[in-house]
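Heads up, the next two complexes both have chain A, just with different partners, chain B and then chain C.
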Partner chain A sequence: MFSLAVFFQSFGPLFWAARYTLLISVLGIGLGVVIGTLICAARLSPYPPLRRFAAIWVSFLRGVPLLVQLLVFYYALPVIGLDVPAMVAAVVTVGICASAYISEIWRGAIAALPKGQAEAAVAIGMTPVDVWTRVILPQAVTLSLPALINELILLVKASSLVSVVGILEITRASQAQAATTFRPLEVYIAAACIYLLINLCLAALGRYLEHRTAV
Partner chain B sequence: MLAASSVEMRKVNKYYGKFQALKDIELSIPPGKVTCLIGPSGSGKSTLLRCINFLEEYDSGEVRIDGQLIGYDAPNKKMSGRRLREMRRSIGMVFQQFNLWPHMTARENVAEGLIRVRRISKADADRRASEALAKVGLADKSASHPSRLSGGQQQRVAIARAIAMEPKLMLFDEPTSALDPELVGEVLSVMRTLAGEGMTMVVVTHEMGFAAHVADQVGFMEKGELVSVDSPDRILHRPEDARIQSFLRTYHERNSF
Partner chain C sequence: MEWSVLQQYGPSLLKGFGNTILCWALGTVFGMALGLVIALIQRYAPRWVTWIVQAYIEVIRGTPFLVQLFVLYYGGPLVGLRLDALPAGLLGLTIYGSPYFAEIFRSGFRAVPDGQIEAARAIGMSESDIVRRILLPLGLVSALPALVNFSIILTKETVILSIITVPELLYQVQRMSAETFRYVEANLVLALFFWGLVETISRVGLRLEARITKHLIERT
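And then the complex of A and B:
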């Protein structure tokens, strides 16, 4: 029999754990945007060594599963004498992993802009900085919003992987709940509901932003 | 009467890799006059036009605006970005695809260059932008985004964006080619007004009527060569060169029914 009582009781602790899920995803995407922007800038720069570094960064991080990256990072840091909290290691790893995808999102959006957009700005004598900040980036950001929200949703789900380094986020918390209640099905369905709820909210946010920036 | 620039092109060559897009171009564009460039697709008209504001970098020869070499300080020595930007300020350009910035309103499109390049205060820039829009007949559209405007209106905003910078020379690259036929007239009429005010204009066009009636000289290009530059009458009505005759024949066949 499916126990509605256990199902509903699971929500309390799981919601509590969801703050870690959200924290890791949001900080992760924040860090990912910062690093991803730098990587994208390197990728589009006129300097071959920078371009090569960025290309390697992207293909390496996209080629190794996040779970493996997490484990490597988590166990490598103490080796080089850094003792960081699991939470920091998790956010940094998620952020670095996301940076590879985000840099590609930027690059795609920038490449999608017609060449004439920048040309019109160059032709009236704008500086390269103005061309980027006034013409290219505002449009690239708008173009990439759906993909960025999509990336955030992927991160919320991927953040379940950080349970392996001992952070009590939704997945890890539900494992604990399942073990104490002996009702895994109810608990995991509750966990699924919370993930779904978060991501439906994010998707709605995405649609709102898209609508607001549409011209 | 506005201050108008002259352009001198001497032995200008341009390569894309091994392909020679411009061959020893010699062209004098007198101040305050309208020069139209015609010729078949791929003949190098856009490339020539874009060398005038160095949007396309020519490989050898000279392009001078009012005697001032553009793009280079000396042969093989590129001009600084700052100097080039200063020269571009007084050269307006209008593109076939309008190239308006879609995230800005019509007025913002026009004011942007005034604020960023001419360093004019926002209030003054807005006022001048409104004036420029009024001049092209779009005073009532200043708050519209480009996506809300017809092609003809978009191109007129693009012209307003260029003239608001008070250029001394205007380059047009097939300004009406992307327009539905019924919208061509409104753009040509704005250009005719501009020509009447004494603006130096270089216009790549397939509008032979405009070339015949507004141009002071017409250049015909083929395969990277400027075959001939002469009065509209001698190029369009009494061409001696067989290549021009054949081009015009094709043009007339396509435009008659």
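And then the complex of A and C:
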């Protein structure tokens, strides 16, 4: 029935492929933080066109399934003359998609800060730049760390979708493994175990950060 | 984009959209039902049962939906579970959604003030009456925003079913673009379509939610 030999043998290649899952998720969240910060700044800026642009950005990326976004990018980039490797397209898509969620995380964290903090900073004569870099952002970043870890967990799971554009991460590797061993059940359960392992570690990290930054 | 193509593929696209809505609606309803059962088990079952249920929640929430579908659809036959793509997809959506719904119900139940339940117990209501008349009505109202939110998230998950060949909208669009070589346009239109769909559903959801809660605020 359930072949334990196949189950344990598939861990080798799948762990090897897990590098790409982690690479895509980590680069994706990095890119997401950079773009998300810009989008959040645009969202909070006093200029209506910028605000509207950011609102549309967030609404579009949260309203379209990631799989469809991946396909659009994958097929559209060569058409507009950007012939990038699939890996780059995947990281960029995942990062752009994450940016929408991350900008909302920032916005929530900034909104959660008591208004008096910024007012007090202004009252003692801090410049707007100082107010942001010394009062608002350090606190907002601490507040949103658990949410960012949560987003990273979501990205690890979402990265399974890039298998459809041919990147050899855990899911794609397990498809290949299932095809050669004819034992899909064992192989896919092994893949699920690896994802679970990664995510349980990340969840533990999240709890630790939450505990450490709790006031 | 050649619009005449749409005329030719219209029926299959429409059928795909029908399947998308079907999967979403049934997946949401079944997932919610299973989630409610799980939440009630978490609350009333003996310790060791809640541990098993908690492990189920962690496993489903910690693994990608796509991998769950692969286990079910390609791994299932090895243990005698032979399903067509569509039923497998529905079962997959139900299983995938259930732990999230369960957590939503659990926090909804937690929002019911203890005093209400103690008062019900004090006037001699049976435990099943308390669940039916106090816990569920009050808990569901506070869970409503999160329920609506997660149901909207599930619309987007239905496209993943195309990978295990469930003939829903993305699957039909992929087939169309493979036959007409119009990958860019087809996927772009699909993206815009989903954007509109999700925006519409969330607007409707918000309005529905406001109406239901307003009614209750007036009464209490």
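Everything below uses one rule, namely that the second predicted complex is superposed on the first by the 214 of 215 C-alpha atoms of A that agree within 3 Å, B and C clash if a C-alpha of one lies under 4 Å from a C-alpha of the other, contacts with A are read in each partner's own complex, and residues count from 1 in each chain.
Operating definition for what follows: contacts are C-beta pairs under 8 Å (C-beta built on N, C-alpha and C of every residue); 3 or more make two chains touch, one makes a residue touch a chain.
Worth saying up front: this structure is predicted, and the values here are computed from it rather than measured.
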I'd like to know which partner A:P128 touches here: chain B for first, chain C for second, both or neither. first
Using the superposition on chain A described above, determine whether A:T142 touches chain B (first), chain C (second), both, or neither. first
Is A:Q69 contacted by the first partner chain B, the second partner chain C, both or neither? second
Of the partners chain B and chain C, which touch A:P114 in the superposed model: first, second, both, neither? first
Scan A:Y188 for contacts with chain B and chain C and give back first, second, both or neither. second
Between chain C and chain B, which one touches more residues of chain A when both complexes sit on the common chain A? C
Should A:L161 be classified as contacting the first partner (chain B), the second (chain C), both, or neither? second
Report for A:F60: first if it touches chain B alone, second if chain C alone, otherwise both or neither. second
A:L196 contacts which: chain B (first), chain C (second), both, neither? second
What residues on chain A does chain C touch that chain B touches too? none
Interfacial residue positions of chain C with respect to chain A in the complex: 58-59, 61-68, 70-71, 74-76, 78-79, 156-160, 162-163, 170, 174, 183-184, 187-188, 190-191, 194-199
Residues on chain A engaged by chain B in the complex (per definition of touch): 114, 116-117, 119-128, 130, 134-135, 138-139, 142, 215
In the complex, go through chain A and note every residue touching chain C. 1-2, 59-60, 62-69, 71-72, 75-76, 79, 153, 156-161, 163-164, 170-171, 174-175, 178, 183-186, 188-189, 191-192, 195-196, 199-200, 203
Can you tell me which positions in chain B touch chain A when the two form their complex? 53, 55, 81, 85-86, 88-89, 91-93, 95, 97, 99-103, 112-113, 116-117, 145-147, 158, 161-162, 165
